[in-house]
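Two complexes follow with chain A in common, the first pairing it with chain B and the second with chain C.
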Partner chain A sequence: MPSFKPVPFRLPAGLVEVLATFGIIAVIGAITLSIMGASPVAAGLAAFHGTLDGTYEIAGVVALSLPLIIVGFGASICFKGGYYNLGLESQLILGAAAGSIAGYYAGPLWSPFHITLVLVCGGLAGAVVAAVIAWLRVHLNVDEVVSSLLSNYIVILFAIFLATYPFRDESRFNGAMHRILPSARMPTMISGTELTWGVLFVVAVSLVLFWIFHRSKLGQDWALMGRSVTVARSAGIDVKKFGMMIMTSSGFLAGLAGAFMISATQHRYFANLALGLGFDGILIGMIARYRIPAVVFWALAYSWMLLAADGIEQEVGIPSEFAQVVIAIVILGVAVRLGLLQWVRGWRQRWFKSSGTGSLPAMRMFSANREGR
Partner chain B sequence: MDLIVFITSAALAYAIPIVYAGIGGQISLASGDLNIALEGEMLFGAFVAVAATYFLGSPWLGILCAVIVGAALGLLFGILIVSLKGNVFLVGITYNFLLAALTVLLLGMIFGVRGSFSSPELMGIPKLPLGTLANIPFLGSAFSSQTYVAWLLIPVVVLWSYVLHSTPLGLRIRALGDNQDAVRSAGLNVDRMRLGVQIVCGMLCGIAGAQLALGALTLFSAGMSAGRGFVALAIVILVGQRPWMLVLAAFAFGITDGIGIKLQQADVPAQFPQMLPYAVTLLALILVALRGHLRTTRRSR
Partner chain C sequence: MTSAPNSTEICVELKGITKRFGAVVANEDVSLDVRSGEIHAIVGENGAGKSTLMSILHGMQPPDSGHILIDGKERIFHSARDAIALGIGMVHQHFMLAPSLTSAENIVLGYEPGTPLKSNTRDATALVRELFDRFDLQVPPDTPVRELAIGAQQRVEILKALHRGARILILDEPTAVLSPEEVETLFSRLRNLRSSGITIIFISHKLREVMALSDRVTVMRRGKTVETLTTSQTDQNQLADLMVGSSVSSDGKPRPVPASRVRESVLRLQSVRSPTRPGNSGLKDLDLDIRSGEIVGIAAIEGNGQSDLMEIAAGVASPSAGQVFFRGNDVTRLHVGQRRALGLAYVPEDRHRDAIALDSTAAETFLSTRRPQNWIDWLRPAMSAADKARIADLMQDFDVRPADPDVLCRSMSGGNQQKLVFARELADNADCILLGQPTRGIDIGASRALFERIWRSRDKGAGVLFLSADLDELFSVADRIVVMFDGRIVSELDPQSAAPRDASGFMTGAAHAVL
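And then the complex of A and B:
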């Protein structure tokens, strides 16, 4: 129950956080724009007209946010589990390619089944790549940060190869696949806009993940893995299997996001589709600090900011990358803020320990976190 | 014979920025805060070098600006991870993203172009004249087309190798990575040392960027570092604290890149030769890990 008592301050705290972050974004954005010699007011108006002025614009913001939400989940659950899968970018793209193939070559089917097939194929393609990286990490101790970053280049080039040679649509320019069959396309929700009924699918995924990560035992174990592998092991978790699961499921979500894009809006994979979307998802996961509802919120905010920046680019002539710059600056702030909290917490733990609570495992956890990475 | 010359020069062009950035990575690894923002810092260094050279009219000033800006970026990185205790990985990921977007933004604002910038007024770094040495068969022509910055690499690696393994400073940097408390109890300022390491790393990335943009070619294009910073990172993880192995590995990957470029002219899908340097790097990473894995399992038996 929302009230002004200090005890249940979860919701107001979240609200304060959101408002504060938005305020900071607005201030940094205004400063950046003034430095670049544009009027923040004109830019603000352009941003409003481009994104919130009418059903079509709002539907566009929501439609763009849907794949970002899914890949943001992928990043969140991975980072929350203590693994840094930076290959989400290429896993998403391979998922889009796989979904595109399934949407065209798996002949006309009953539509819900065909859409599911597209999504599952995309998810599996991403999951396979992530599973390979995870296996190398878990069994051979190959650093997943570096291997996943390198895998991006290899996997994206492979997806482009698929679109250029074996699955190429001859009638199109170089490097585009066939348009998927109508039965594989998600039905439009509001006619004349890009918004499809896929929004319900994303809501369902969000609810399931919310339950898993904020309400279930599995979610607790997951967070424990992220805090300390040593503690997780002594709590009876099969660390290797769990690590495989964390990475693979994040890859699945990334691939799913790619296939979702194909089925909902793009309808075919072509070279350079969705470049950068995986990294956007990572940023969203980071700014949301790995919480499922926050990912949904920030994905919407992020897609709004991207489209607003496009509007500003058209009206004021500032490259739309300025939105990404502003967001990255804010995320650096978030990362540092987390670090500050951690420092305070560690200091408090040390203090409580000296006063006789004897929290040795907690101490070790803290130091393991610092040295393990 | 042309092939050898071609592959050698392509390998050098690929490897030299990687070695500069890799030394930065090695310093940061030795100090315990492996900087994964090599890619972004290198890319930004390339942009600064091109912009400064264009406006100031001298590639030397361009290099100087790239190094100064690199130092500033390194300092900021250091403040974020040392003074404000940010997670070095999260800060590094965001840093890469921030700097990549910033180059595109500045490219649009300063030069009014999207994608890439090149101009006849843009001067590359002068090449070191070799005189009669340029007539050495095979390698002469590959070596005579190298810039001063490329040749500077040799003294830099010698110096870094000496500092790391034969001086108190090198010992302190390595101790920083092994045990910060020991460094602290030796009466040294840990925070200031970590900051210094990141500054040097940023400067080296700045030089790497300058060589990338003004060495073999003279232009800047968005994302032109194309994963070289990540390859440098992988090499650093492969070779650990051995500077000469770094040079060797970077050159080896450079050769695969040269072979890849040659193969693209042959009748194979262009994507596979393009994958080559990344795939070989990844493979090397896996093989080294496998060797380590076998060693530990044998010992445990």
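And then the complex of A and C:
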């Protein structure tokens, strides 16, 4: 006779994580706002009005998140493979510049083709930079953390040079390229907003990457590279080829994110465009712990926080820079949450000697498993 | 053989220790008492809970329940530092040394003489020299640890523990990495330490060593202590019975049956060279032919080129000169993945470095050697339900515990990890099997099961290359023994007519001149 055991109701772990995070945001936000002398309730309402109250606002959050999602993927896949491409910032910017050039000088063409051309050119520009760094890493053992980080200066200044001299729009004061042709611009999805049909492209990229990294053989070997290069080598993986592929594809995604910005919203590259976006992507990849769906979620959450801060600034008068401090605290909290959990559990065990449930795998620190390569 | 312990005073007492990892019970109600000044051996198969128990005693993890009494006083350890403060030192199976620092620096690391702002090397070296004299343990103090032989590195580990004031020294499988000569040296040094009043807890599953060294021995099985015996009043057979839990004796191994006729070459290395490096002789024009239906054993002391030989034979490293032939075809340019596709199985020497990623699940580890043939294979699902069922069956078959494909390798014991590697490599009936130290850290039962499989594969026509640091094992398993010294093959022995003693002369190069 079958016996029926009541299954205890449990929230899925991901949902708990999400609820806890937003709980923390609400509490820290309320406390800091009170210190600043503003009403947390008014601020909360302002944040809601600014970001979630209506199609226009929600479209704004989504539109802002799209390039972040793509560059977040770039960060995730290279960290997952055990390589630390910190040049995503400049690869994104060079991708934007390359996309901008392709959008103005090539064409006019059939629009879907022209948009594709812009995206591919941007991706390739990022990929070329990353491939150079990868080659130095794989063949000459130059630490890619250092080389990619320092490459940012060179590549960003090169992009600014392109905008200031050879490809400059003479009609503008500062270094800025020409506005891309209409055939290279993504069509608007909701009029009056910055949301374009490019959202479908991002959805497609997400699905493909989800399949590759969470289901396919390629993703499994990719993860093995990140866990142990020597084991990967003994398993028969060509670690040099894989290393090149990991770095280059992350550079491609960064460049793609830059070109996507050009085609979807900015329509031209100019000096200082998208500064910091690559590092935001690295942050998102790390918070999401290199999982594709989590990158989408955290990129959306991140842009929501940015726009909520703007809303609060407009309605309550708290500077949005201050809100960014709150965001930084929240992100720090999220990033160390596993370590915190373990720490709390350790103390509980010490004092209460409760029956152990085993410990969580230690959070993979930024530099974990870098040795031995 | 061994002198009686000079006191019956109990310095370490564990009472009712229980430790669970999720659903796995590593220790259940374990009790143990260790007398001061004795060498106390703890024996048991893989996963019997020896290492977990010792990490609890060394404060690296808290027990779920139970008591730890040191010198009769109950103690709670919050970290290894607490245990060290009470004089409990541990030498891990995998050494915890900084390879680029010198021996002296490693010994004082974390407990340097001087103030936090000012510490100097001269004081450290003087201190270390004093330690050398006091305990009669010598290592070159100014040599970087990576340039020392394994035995010397182990002495650095022991000295490190002694420098921290250890009077109770835990040694986790100390002989697993040593050559026979180094084992002898280690034992005589441990006896010296005992006479200077150090209590030694010695974890092993090699019964011969336990019999030779220890005063008392505690047997563990499946997380519990079975019995504590005085060594002089027991024998290997009784210990083996207690360890395995049934009347399985370790004696009476069947001799291998030599192949009736010598068949074609499976793997041939021709004038293979690899560069000399610190602590490793490399290979110097080595020729070796492994034929179908034979097991070739390699006897060599660490660093005489045998590791290079394995890696070059497997295709993980490429030789600086020379060629490798597989069934007569030149495979020098093929990497290990391509050679596996041709019918090669490879169990790497260093399990954690080369065979298993601890953050992978058992199933991922199993499937990692499957190489896609064309680009579409890369995009196919990594694992089907059928794959998973097959892996579960094979894990059952190779006695991997737990036989769950979704379990993380990190949570398996070392022996079970190794059995998982065997399951992966031997499942496909390869033509050529390369075994690098396959029994390192696994128990008698698992070794026996492995040898049975190897003999069966050999009888079906596989050629086997078998590298082991245990000469007795080599001589009872292999059909032909090659002895390597300084990157060359210096002798070939027939295990039917020769004895392990014959090989050791060649291994040290002493008999080299005769050849």
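Things worth noting here:
To be clear about the criterion, the second predicted complex is superposed on the first by the 297 of 373 C-alpha atoms of A that agree within 3 Å, B and C clash if a C-alpha of one lies under 4 Å from a C-alpha of the other, contacts with A are read in each partner's own complex, and residues count from 1 in each chain.
Just so we're on the same page, contacts are C-beta pairs under 8 Å (C-beta built on N, C-alpha and C of every residue); 3 or more make two chains touch, one makes a residue touch a chain.
In this text the structure is predicted, and so the values were computed from the model without any measurement.
Judged by the touch definition given at the top, the superposed model places A:Val231 against chain C, while chain B stays out of reach. Contact with chain B, but none with chain C, is seen for A:Asn141 once the two complexes are overlaid on the shared chain.
The partner that reaches more residues of chain A, of the two candidates chain B and chain C, is B.
In the superposed model, A:Ala274 lies in contact with neither chain B nor chain C. In the superposition on chain A, A:Arg215 makes contact with chain C only, not with chain B. Of the two partner chains, chain B is the only one that A:Pro319 touches; chain C does not reach it. Interface residues of chain A facing chain B in the complex, by the touch rule stated above, are 36, 84, 86, 136, 139-143, 145-147, 149-154, 157-158, 160-161, 164-165, 279, 282-283, 286, 318-319, 321-322, 324-325, 328-329, 331-332, 335-336, 338-340, 342-343, 373. On the side of chain B, the complex with chain A involves touching residues 36, 80-81, 84-91, 93-95, 97-98, 101-102, 104-105, 108-109, 114, 226-227, 230-231, 233-234, 237, 269, 271-272, 274-275, 278-279, 281-282, 285-286, 289-290, 292-293.
Chain A meets chain C in the complex at residues 211-212, 215-221, 223-224, 227-228, 230-238, 349-350, 353, 355-358, 361, 372.
By the touch criterion given at the top, residues 19-22, 62, 64-65, 76, 78, 314, 316, 335-338, 340, 346, 348, 353-360, 364, 367-372, 377-383, 408, 410-411 of chain C touch chain A in their complex.
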